[in-house]
Amino acid sequence: MLHIKGGTIVTAERSFRSDILCDDSGRIARIAPQIETPTGCEVVDAGGLLVMPGGIDPHTHMEMPFMGSVASDDFYTGTAAGLAGGTTSIIDFVIPESGGSLLDAWKAWRQKAEKAAADYAFHVAVTHWDDQVHADMGTLVNECGVSSFKHFMAYKNALMVDDGVLLHSIRRAGKLGALCTVHAENGDAVAYMQAKLLAEGRTGPDAHPLSRPPTVEGEAAQRVIALAGLLDAPVYIVHVSTEEAANAIAAARMRGQRVYGEVLPQHLVFDESVYSNPDWLTAARYVMSPPFRPRHHQHALWAGLMSGQLQTTATDHCCFCAGQKENGRTNFTHIPNGTPGIEDRMSILWHHGVATGRLTAEEFVAITSSNTARIFNMFPRKGCIAEGADADLVLWDAQGSRTISTSTDHQNVDYNIYEGMTVTGVARRTISAGRLVWDDGDLRVTRGAGRYIPRAPLGRKLAV
Amino acid sequence: MLHIKGGTIVTAERSFRSDILCDDSGRIARIAPQIETPTGCEVVDAGGLLVMPGGIDPHTHMEMPFMGSVASDDFYTGTAAGLAGGTTSIIDFVIPESGGSLLDAWKAWRQKAEKAAADYAFHVAVTHWDDQVHADMGTLVNECGVSSFKHFMAYKNALMVDDGVLLHSIRRAGKLGALCTVHAENGDAVAYMQAKLLAEGRTGPDAHPLSRPPTVEGEAAQRVIALAGLLDAPVYIVHVSTEEAANAIAAARMRGQRVYGEVLPQHLVFDESVYSNPDWLTAARYVMSPPFRPRHHQHALWAGLMSGQLQTTATDHCCFCAGQKENGRTNFTHIPNGTPGIEDRMSILWHHGVATGRLTAEEFVAITSSNTARIFNMFPRKGCIAEGADADLVLWDAQGSRTISTSTDHQNVDYNIYEGMTVTGVARRTISAGRLVWDDGDLRVTRGAGRYIPRAPLGRKLAV
Amino acid sequence: MLHIKGGTIVTAERSFRSDILCDDSGRIARIAPQIETPTGCEVVDAGGLLVMPGGIDPHTHMEMPFMGSVASDDFYTGTAAGLAGGTTSIIDFVIPESGGSLLDAWKAWRQKAEKAAADYAFHVAVTHWDDQVHADMGTLVNECGVSSFKHFMAYKNALMVDDGVLLHSIRRAGKLGALCTVHAENGDAVAYMQAKLLAEGRTGPDAHPLSRPPTVEGEAAQRVIALAGLLDAPVYIVHVSTEEAANAIAAARMRGQRVYGEVLPQHLVFDESVYSNPDWLTAARYVMSPPFRPRHHQHALWAGLMSGQLQTTATDHCCFCAGQKENGRTNFTHIPNGTPGIEDRMSILWHHGVATGRLTAEEFVAITSSNTARIFNMFPRKGCIAEGADADLVLWDAQGSRTISTSTDHQNVDYNIYEGMTVTGVARRTISAGRLVWDDGDLRVTRGAGRYIPRAPLGRKLAV
Amino acid sequence: MLHIKGGTIVTAERSFRSDILCDDSGRIARIAPQIETPTGCEVVDAGGLLVMPGGIDPHTHMEMPFMGSVASDDFYTGTAAGLAGGTTSIIDFVIPESGGSLLDAWKAWRQKAEKAAADYAFHVAVTHWDDQVHADMGTLVNECGVSSFKHFMAYKNALMVDDGVLLHSIRRAGKLGALCTVHAENGDAVAYMQAKLLAEGRTGPDAHPLSRPPTVEGEAAQRVIALAGLLDAPVYIVHVSTEEAANAIAAARMRGQRVYGEVLPQHLVFDESVYSNPDWLTAARYVMSPPFRPRHHQHALWAGLMSGQLQTTATDHCCFCAGQKENGRTNFTHIPNGTPGIEDRMSILWHHGVATGRLTAEEFVAITSSNTARIFNMFPRKGCIAEGADADLVLWDAQGSRTISTSTDHQNVDYNIYEGMTVTGVARRTISAGRLVWDDGDLRVTRGAGRYIPRAPLGRKLAV
């Protein structure tokens, strides 16, 4: 049992002074202004702190095999780092082998994830279409607690699907009450631009953003929205990084379509100039897709979050160390795409979002946790502070500050993209399933403590 | 004390089975799955019903003097009718005489409202600008619990203000932390079109929509958004009725502006054909501004509510009986503008919004109550089901249906614009300040039971 | 020699009273207010008539093999019908066999076209990509007078190309100074919708518009504009039929892209209700792609032509007789797609465009002839009334009227989609290469009189 | 008589080698590839030069009384400077005194203009509304050759009109077949911002752009387009300087409205940084309204010209010398608004427009001359190279270059905003009414040689 005492609860709805009592089953047992500490109950001092739902990161790639490497943060180290930053749940991606079984892949990922320190769920990628995929989607939704699928419009000759596969999958998912998520970049265009740039001798990381300009994302977002619209089905676009895609989402919503968009904090704070760093490795470490953009796109992403037209934030956490990034030393298209960040998402968003006045604390909770829980049907178990909900909480020091560094963070990768950035807004304590797992610098995680969170189908159009 | 037993609580956040205990001070004392009924406590059976925050109607005109008449529903009859329909609070408009004191007008309205059966608050209209207005705004915000002001861009030579007044008032309000609301129609254009139509011999109600076409509203919305944007201040547009205005709001929000829009249910269900009714009085009864529109505008309004780009619903409840409407028998510009509707807003929105699958029950709560409470700073006292909140609740029968008629409604006016419409979704019981005031057909309101609800300034940019 | 006497010349620039003298080489020799008729010179009375550049139809499919049939109008009958309606040049499409040689196809089409009665040029379709296509494009541009290529984003498993092919071809064309034209519909989506509709038992022509809704065109237009934008190359979209596509073109132009759009008169006057005709054959005769649309799209097409954001008009003339349409009696996807119309384009556009006040006579010339000549680099030989230009002229009776009927038209097909329509604006006389070939009902065409018009590359961004 | 020999004629339509013979009445008598020089006829060598229609500047303010000063270039010096730069006609503005007679003002301006060296016409400003204005508009159109009127939405308490006046005037003009032109800035907002800035101690030229931000123009453009749309009348917006206004125009045109936009070269090449010049006078010299903008607006203006959504270019030529600019030394709102530029418009547009590849030479003619002549109904007398047209021509050296300087220009003002800029594209010779008035540095103008050009009403919707 845990008695969180003296804090100010902040939900997506409101803020109020209250204590919280967590029971031994890992749930919130009681919320009341003044709770008498039960005998034998541990007391966590929340004085001066905000008590918020733990962050949910709906886009991570722990130990993912990708581009000839395997992401260096595994389910244990990655979720542990998340807990240190106030993130108490992740939704990771099951990526079947080319032509392979979705179900087998899901089983394999379930196994890999058993070491997780925090709760987790899965999206499953659909990378081709046949009757088996159709059947597996049914099994995953009805028997395995999977209620969202992932599609790549990029990565030609690898994960990419064409519009026909998208249509089949969106319709199948719609019938199952599941949600389709999409990496929206035009893979044909990326492949074309990559070949063109390489042919021109552009082999360095500075060619990376040129190979996937904003139009490439805007076009794909527009397209998948059109396809989903044909089937009157909802769609969720991961890592929206451009004004074009943000506007396409907003326009679709104003036509009555249920479209959702996710933003990564790194797109809010970095711009494409990072790829011009004269140090190859430094530049290569920023290589992810979609790439960082000219600065004016950031304004559109913030406005999207402020207006509710973009609903969630995630990290696309995908770690590759120097040796892995080196694979692309002579050819930028071989640099493993990915950046770390699960530990710092909450701080970056608070610092740049709340401390600057763009967002309220309630909106911060919405975009880091509650909206995600709703859209992916983990609400009110997750993303909510209510009696009966999972006791996944972060005790937030709104005035505290810290300087981000790979030397002090817990991610299993040899750099931090935010290195040296001092941010206001710090996760002082994190409670996962009712247990204090992060106590102001002291990380007390347990390998395997994380639980698989099955998610039921939504069975209807989503609403956020 | 009141024990609401066996219902399903629905908030803007979530739905869950729970009992509610209301105390004698009119507040929610306890929320828990199973509550033991205290001795002597009245029990209200909520079995099979949804327990939702009572509706808040942020746009009513009780006993308003307007166009040579006085609206026939007064604060007592109007709020009573609201309670019969599940609406437990209103925000009415204080309209100072031309050049008159805002403060005196507020006092006069306070007095008129003492007879109210349900809680109420006030927006105060700014209809001219001088130092006294500047000073009165300060007094109203700091001492009188007024945190929103109203402006008319239409009604030339009466209530209309020019852009200079708008700028002064928006800035003053911004400094005070108050919110400006605006009736957005270009009054010069309306006056011009009215004169032109009359000169052409168009004197009947069918000329009304021609005198204020969609463009007239879209232009004004665009303009006030531009003005507010210059001052980096929020703005709230009442009775958005056109695609043009809805899109202007959405576009501004996607530029990062804090703009809000209100929708009236009548605009969602009627179109301009009502003005062509061969019976003069029938047509005249639909005369309100902005008028009903070509049908495609409705799609934009629904999409705005679905996507969160339009946040609230209201009625602009303003009742004129046959004798009053007759004032305009030979000249449509003399027909008192206004339609009743406070009693039916909730049913109309449930029937056309939730029962059709456009909105979830949680979204219904958001647009009928919670969003309004947030935007006008009555949250979490109103618009929220939580311990400590006002016990303003509606027990909703989602499957029940009723046929709307002036013969059975409680509005003090001789017609009902929804006459004969059968709707699914019925307010079975209404609880106001902890008292059961509507019990399935039995209206037990008390003259003067309503309280004035002072509203503090928001002191920052608003967030919804 | 021919002396056109007493007419009012109308060009895209201006109108003025003037005579014209055509020489024996088929060119305009002299333009002057009053010309003395040379001895032995035939005089054509243009009194009361407008003398305009002959129409150019940049989109015809004479004797095209398609969907198991061959279009019934061949190069002779089709061009003859055009002359009867005031159209003096066509640009037809060379469609190589799947995987086949562009050059061989061009040669085959050259041969088929030798029987033409009026001048003609060719676009050549690119339906796949390899080194031979790359090479052939060069040959066609540099040696064969082809300066535009065609691409189908629809017709999956037949003519459709993917985005990679589009990018390769657009870039290659750009380097050659040639223009890419595109049939913009998402072929994956069409194939998906067709299969879905057939599976639902929807086999009739009324399923045709459902299988390719407006979104399917809007998406493809948006996409090809994005791709062309990546390469900073111009692009021309054939048969724009939707508000979505028209707006995409206008938006791109307002970003500085050189994008052009073509409108078919049938999309301006018919709507999707034609497919609900209870008579199967009648409905089937309207089957073409993109299909006729809900009526509001027409407003966008007209506005596009009025504002210059859509530049040209064409017919997509492609004739299939009853027996051919019957191929799809039990399956709408087998109905040969195509409608006739080359003979009536000018009249339909005058009647609905000029007579209604939407367009001026000068704009009529621009959209029926001059803009097309400029964009496809036939100007000022074609599309222009100037000394030295080809004497391709139509003598237009702006007040005259006629009733369209297959019983009187000259198209080699057993129906006319405009059957029974009475139009104001009639081609009284047509002059082709200086010869009077249509004289108020008397068609005096010569098989093989038409000449191939080689077109040089533009070598720069186009301007209209 | 004048024989222009060996040049390449460029019109808005096409380019071709041809000689031109001008007769003694000042008109073009003959256009032919090779003309025999008549006896006694002066020969002008156009070898290697482009022969284009002389520029028309539809927006000048010669010797205008404004803000307590009188513009220093009078009709003689100003038109002479124009001729030196290739501009052969102007349309100046008649500005009646407050409440004064339009007709009297027109007469006064006619008198002032008698000294002009080049042809001129007038727009007449409508600055208030009453029956006399209504009557005067009729007289001006029917008897005085005025077919366009001007309206100021800015300059509160001076020239500004409200929306009611705009509606009356637009409708009256529409009935007369005349065109309304509008200075689109929200005058209430400007006055408000000016007062606010001054109150904050912002008295320097750097406050000028802050007092009229882009929104202020975008709003007004949107508004007047809405008003004109209500009346189904065309409208022309002068000096479009923002993306917002350009997009509003394009959007209206895509709805089918006839809206036109004018661009000033200075807005294409300067940005708001000029107002931060530490030298007060230098900064003050750039003070004009609308002010120079953040650089991204230029892209929208160019795209507007390229796509035909903005049709004309002008200078708003309005000269104030140092002593006059000094009036605003302690208060930026007293700096006379205006910049010179009539002499350099053509070169600036060629250099930045044609030499950069944005525009073709034909488009250059369209935007500097032909479109203006059409819109203001001077075509084909002006803006056209055709037999019978006025012999107003510029012989353009497309490869020549010159460095702009007040020390060599002919404008009667003590600075040149383009000082030191080297431009490619030079007016080598200018012919005005058949007379060689500028011969490669030699200015041979005649005081009073300019003629008043009466312009008939258009009598219909305009088309460009």
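We just call them A, B, C and D in the order they show up, numbering each chain from 1.
To be clear about the criterion, a contact is a pair of C-beta atoms (placed from the backbone, for glycine too) under 8 Å apart; a residue touches a chain by one contact, two chains touch by 3 or more.
In this text the structure is predicted, and so the values were computed from the model without any measurement.
In terms of the stated touch criterion, subunit A and subunit B have no partners in common.
Distances between chain centres, each the mean of the C-alpha atoms, put B farthest from subunit C. One simple way to say how far apart two chains are is to compare their mean CA positions; for subunit A and subunit C this gives 50 Å.
Averaged C-alpha coordinates give centres for subunit B and subunit C that are 55 Å from one another. Subunit A has no residue in contact with two or more other chains. Within the complex formed with subunit A, the subunit C residues making contact are 156, 162-164, 167-168, 186, 188-189, 191-193, 213, 215-216, 218-219, 222-223, 226-227, 229-230.
Of all residues in subunit C, only 11-14, 16, 32, 246-247, 250, 253-256, 258, 299-300, 302-304, 306-309, 357-360, 362-363, 370, 379-380, 384, 386-388, 460-461, 463-464 touch subunit D in the complex they form.
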